[in-house]
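Note that the chains are named A, B, C and D in the order they appear, and that numbering of residues resets to 1 at the start of each chain.
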Amino acid sequence: MNFASDNGGPVPTQVLEALTRANEGYAPGYGSDALTAKVADQIRTLFEAPQAAVYLVGLGTAANALALATLVQPYQTVFCTPDAHIHMDECNAPEFYTGGAKLTLVPGGDVMTPQALRAAIAGEENRGVHGPQRGAVSLTNVTEGGNVYALDQLGALCDVAKAYDLPVHLDGARFANACVALGCTPAQMTWKLGVDVVVFGGTKNGLMGVEAVVFFDPKHAWEFELRRKRGAQLYSKHRYLAAQMEAYLEGNFWHDLASRANASGTRLRAGLEALGLEVVNDTQANMVFFRAPLRVHRAVMGKGAVYHFWGTEDVPEDEPVTARLVCDWSLGDQSVDDFLKLMGQAL
Amino acid sequence: MNFASDNGGPVPTQVLEALTRANEGYAPGYGSDALTAKVADQIRTLFEAPQAAVYLVGLGTAANALALATLVQPYQTVFCTPDAHIHMDECNAPEFYTGGAKLTLVPGGDVMTPQALRAAIAGEENRGVHGPQRGAVSLTNVTEGGNVYALDQLGALCDVAKAYDLPVHLDGARFANACVALGCTPAQMTWKLGVDVVVFGGTKNGLMGVEAVVFFDPKHAWEFELRRKRGAQLYSKHRYLAAQMEAYLEGNFWHDLASRANASGTRLRAGLEALGLEVVNDTQANMVFFRAPLRVHRAVMGKGAVYHFWGTEDVPEDEPVTARLVCDWSLGDQSVDDFLKLMGQAL
Amino acid sequence: MNFASDNGGPVPTQVLEALTRANEGYAPGYGSDALTAKVADQIRTLFEAPQAAVYLVGLGTAANALALATLVQPYQTVFCTPDAHIHMDECNAPEFYTGGAKLTLVPGGDVMTPQALRAAIAGEENRGVHGPQRGAVSLTNVTEGGNVYALDQLGALCDVAKAYDLPVHLDGARFANACVALGCTPAQMTWKLGVDVVVFGGTKNGLMGVEAVVFFDPKHAWEFELRRKRGAQLYSKHRYLAAQMEAYLEGNFWHDLASRANASGTRLRAGLEALGLEVVNDTQANMVFFRAPLRVHRAVMGKGAVYHFWGTEDVPEDEPVTARLVCDWSLGDQSVDDFLKLMGQAL
Amino acid sequence: MNFASDNGGPVPTQVLEALTRANEGYAPGYGSDALTAKVADQIRTLFEAPQAAVYLVGLGTAANALALATLVQPYQTVFCTPDAHIHMDECNAPEFYTGGAKLTLVPGGDVMTPQALRAAIAGEENRGVHGPQRGAVSLTNVTEGGNVYALDQLGALCDVAKAYDLPVHLDGARFANACVALGCTPAQMTWKLGVDVVVFGGTKNGLMGVEAVVFFDPKHAWEFELRRKRGAQLYSKHRYLAAQMEAYLEGNFWHDLASRANASGTRLRAGLEALGLEVVNDTQANMVFFRAPLRVHRAVMGKGAVYHFWGTEDVPEDEPVTARLVCDWSLGDQSVDDFLKLMGQAL
């Protein structure tokens, strides 16, 4: 009954098997091995983007920070939500990698609206050299708050960015879960809408630690390679990143893994609602944010359920508190049902 | 016959087995798992340093750059050799992570002498606020040029640093090979001489990608943790770094692996000298730099030997050219002997 | 009738005379001249802070950015208002000088409340290494919006900062105007309340370009000196900065200049209110923000009045638009009266 | 008898007069005043470069660092001599402003040769992403060591840079002295040879603190303006920088001032040589490096001569020590002769 994060579960055996297969003999270092070339090609095919520049790095923060640093100058600003991972959970890594660019928080919480984005971008005008220049728009799907932008919503945000000639970065830490939720292809959620660079996340969806950074315009390739090296993200034994990605791509395994996680999310939501509890986010994917009295949370946590409060827990025992449940690919129906049973008993 | 690098070979099966063992159920993220705590303890024991702050990162460049950034202010300088990895092969990562500190190159090539270090440090005096301030001394053992500092040589360099109250960083990408060559303990090569932070390298010695950063004074702990996160080096699924390190430490496996690599180096050197070829470095460890006519190199490369020239290869066919041979743990006697046989035939 | 800014007017002849006096013979460079030492002493006396470290720089942005960089680490954040000059008008200079620290905008507009500050600081807790660490609180008096914090208001904000053990930076671009408005001493507005570093601004109050950075705890002195040099703010011919400051301090000339500017502000406000116009800020100092129909603004601007709109001007002719009037020391009653007469005619 | 630096003397009265003239009424801020536009035009005319982008800043370090930051990416390196001001005397400002680029020191001391430059640039090749990329070549005329590159020497260095498609930065802190020494025009020493950006220095040649940064290709203009603002070098009361430059340009006053300084240098050199002393640099301009017994230096210093040793002074009394004499525009024959007389007596 572990709902703490989608980075807590094991990796599928297919990943271990791929590592074992890749572990044969000698391979050239620093990404010049054949397996790296193969998975880059596969990703280009998956995204229907034959010209794309594709790179593997080991962490989502690195992927986001390097992608933004390639697009944004130090005297510019990145538009994102106040809940964005790049703002909340990367300890100033975007500011570090960009050399001191700013993040402009578009008002409105976890889900950005085109109106709010347009107003925020417009608000940075007219100050000439005094304010930061507009640099890029950064979006996230699935969002940090467990919501899924529909394709037309994402497209509308990209349209605003394009109206100001700004590049769009898509943080895809849970890209696969969003694809499954939307029933769309990777291309449909990215370049077809105007996304310029996407982080195709693997780590939260079953890999040990691999994210693919995909630039649809290859003009950014060489600069990214230099920034990746300087940013200490060019792995010498690169085949072990590539091997994980190979397993991830094989037979659309990434899609299968996310489908499992999303199914757990759906089952969880239905169960909580059946118990009369309030679910506060759009739970198409693998995260459920719900409210229950603090004493209920305490009771189920005391019996082994693992998850985090979201916001303050400093309230009386009978007051409702919001909590976050995240389903990873390995969770399974039994864990969900066990948890729901505990919740029912505690209520 | 692959002598191109010690990042080209496979990892031992023990590493894969450790990954498989670690892949059970849920584990808390970001380094708060039990396995990470266990290997940190083991490293403290190995280094006889019960107070040390120990961190795992995925790449040597990250380990060096983060360690230096924790010790050195942006208005300071780091003393190193002109051949140091931090200067030559990290695409300005130390400058990036320190926020723009300088590297002062101590004259004299791959091996630093106490005299040259003292002169270089003294040379940065008397300019007050105009020049960079003295920040740290960075040493490497085994050096990039395949030489091994004896303990008294390292100690003499540390003494110079201490005379100026400067901290000492030891790049230990091939720390294990140096330990084996010197027949010393990790403590003897580090804090007992005055080293303040060491990178205990695993990647070049058989791991997929793990380096331990060991600060002997734990006062640096929290700052390092923040810089690691900001530097995009805090892995969410940290247990897979820890598992590799677990295998590395088990029964001093790290020592065993380096012993194999060094033995290949010794065998290689003896064979080359028996062929009348000039070996130009101190080959106690796993690297041999030797000179042979260009046509000879071309001949053995044409028959499948893989290695790099060191310096220019733009000479007539009969002129001698320096090349570098690196032996990884997996190389084995047969590869060495096959290569020596080819060399003999080509001469 | 120039109300565009307090950087538009001439400097008093006393400043030119001081430059002429200082221009005798040779003087040692880089701040080691006698005049620099003298004015630093005078500032220590003025602030009743005999231990303070005092430095002159040529621009307010440099003063703010260097002061913050000395107090704040790159993995931390600075709490300020959304209207703060450091956020709005320095093109990411604070992010640059701090090496990528963040600015956390305390909700609520131009004037910060202790409640909002406390909530913002508290909001950055509990994320451990994932979010930026709390670095400093930055306040401004007179604010960018022309408001003046009373001493107890400033003190309450400092108290919140101190409750979290955070240093306080006071942007005093219009410090003199605030002192005059509050009828307080420099000490009363700074260290007596808990301010750790203040920018004692001269440029907006009649100097060509000099700001004094005053650290009340001299432990920051040497680091500031190095950051100032590295930040390209250590003037070689430092006596010409010191000379301006000498004129500024002589007979509390700084206080006299600000009194003149504030008096113009008061006269302006009274006149606008007498005309039935809405003044939207607390006009104790030298800035007046008022609302009038767009066509009225256009009319008086067409007759020579110079000032800026504040916010959008993209409205119908009869709609009210906010504008900013800034009075510099040299403005004089006649200009104010001429402007008010024009406004009366246009209404 | 002050030979300590060319930043120690007074400014000509023409500069004070220009400040007084400029101090009339209101002027728009941040460089949008008429006087700034006028002097920028005059500089374009002076350099025969009608398209050039021209900016004023207050310090040479700022001018150099901002110019380099505009030309060089953080993953690149700048080629300069080991004695260059940007390396020796700017406390890592170039590393700071470029976001962590490296300086590659071209071997050979104060004067760079085309051969050494070519070798250094070539030496950074073949490491692909591992080493820094080639960014720019930075030259200085007059050099820090008081030498003057002839036009063909400078041109040969530019040719090497151009062969590698690298931009050339010319640190012209003593640009005027070099022009006088060479009898050439500003255009002849800059864009006609291939210089891309020059710092046309005023501070060491009689101004209080103004340097003009001249980009011959205006494509760099907007980026420079943003970096200047972010680098805290955009002065609000810009007319006072412009006024100084106006005086400097009037009737080629800059040339006249440098001619005086150079004449003092020539007189000094002749006198020292007549006394049998060794002059160690090419003294066409305003600096003389000479050797005399330590006791002689001590004697003349004891009688009021002010200058610096260059290198160690930690030798026996009778050993020769190198010292630097710098002549500023205001020095005059009498000071030179007084000094020579003292030297003669002490010998």
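Everything that follows uses one rule, which is that a residue touches a chain if its C-beta (ideal position, glycine included) is under 8 Å from a C-beta of that chain, and two chains touch if they have at least 3 such contacts.
Quick caveat, the model's predicted, so the values are computed rather than measured.
A.B. asks: By the touch rule set out at the top, what is the minimum number of steps from chain A to chain C?
C.D. replies: When the steps are counted carefully, the minimum from chain A to chain C is 1.
A.B. asks: Between B-D and B-C, which chain pair is linked by more C-beta pairs in contact?
C.D. replies: Top pair by contacting C-beta pairs is B-D.
A.B. asks: If you average the Cα atoms per chain, which one ends up farthest from chain C?
C.D. replies: Chain centre farthest from chain C's centre: B.
A.B. asks: From the mean C-alpha coordinate of chain A to that of chain B, what's the distance rounded to whole Å?
C.D. replies: Chain centroid spacing, chain A to chain B, equals 34 Å.
A.B. asks: Let me have the rounded angstrom distance from the C-alpha centre of chain B over to the C-alpha centre of chain C, please.
C.D. replies: The answer is 51 Å.
A.B. asks: So, what's the distance in Å between the C-alpha centres of chain D and chain B?
C.D. replies: About 42 Å, centre to centre.
A.B. asks: Chain B: which residues touch two or more other chains?
C.D. replies: 30, 74-75, 90-92, 96, 99-100, 129-130, 226, 229-230, 234
A.B. asks: Residues of chain A touching chain B in their complex?
C.D. replies: Per the stated touch rule, the residues are 2, 4-5, 7-11, 16, 19-20, 23-30, 58-62, 65-66, 90-93, 96-97, 203-204, 208-209, 226, 229-237, 240, 306.
A.B. asks: Please give the residue numbers of chain B that touch chain D in the complex, ascending.
C.D. replies: For chain B paired with chain D, touching residues are 74-77, 88-92, 95-96, 98-103, 105, 127, 129-132.
A.B. asks: Where on chain C does chain B make contact in their complex?
C.D. replies: Listed in rising order, the residues are 30, 73-75, 99-100, 129-130, 133, 223, 225-230, 234.
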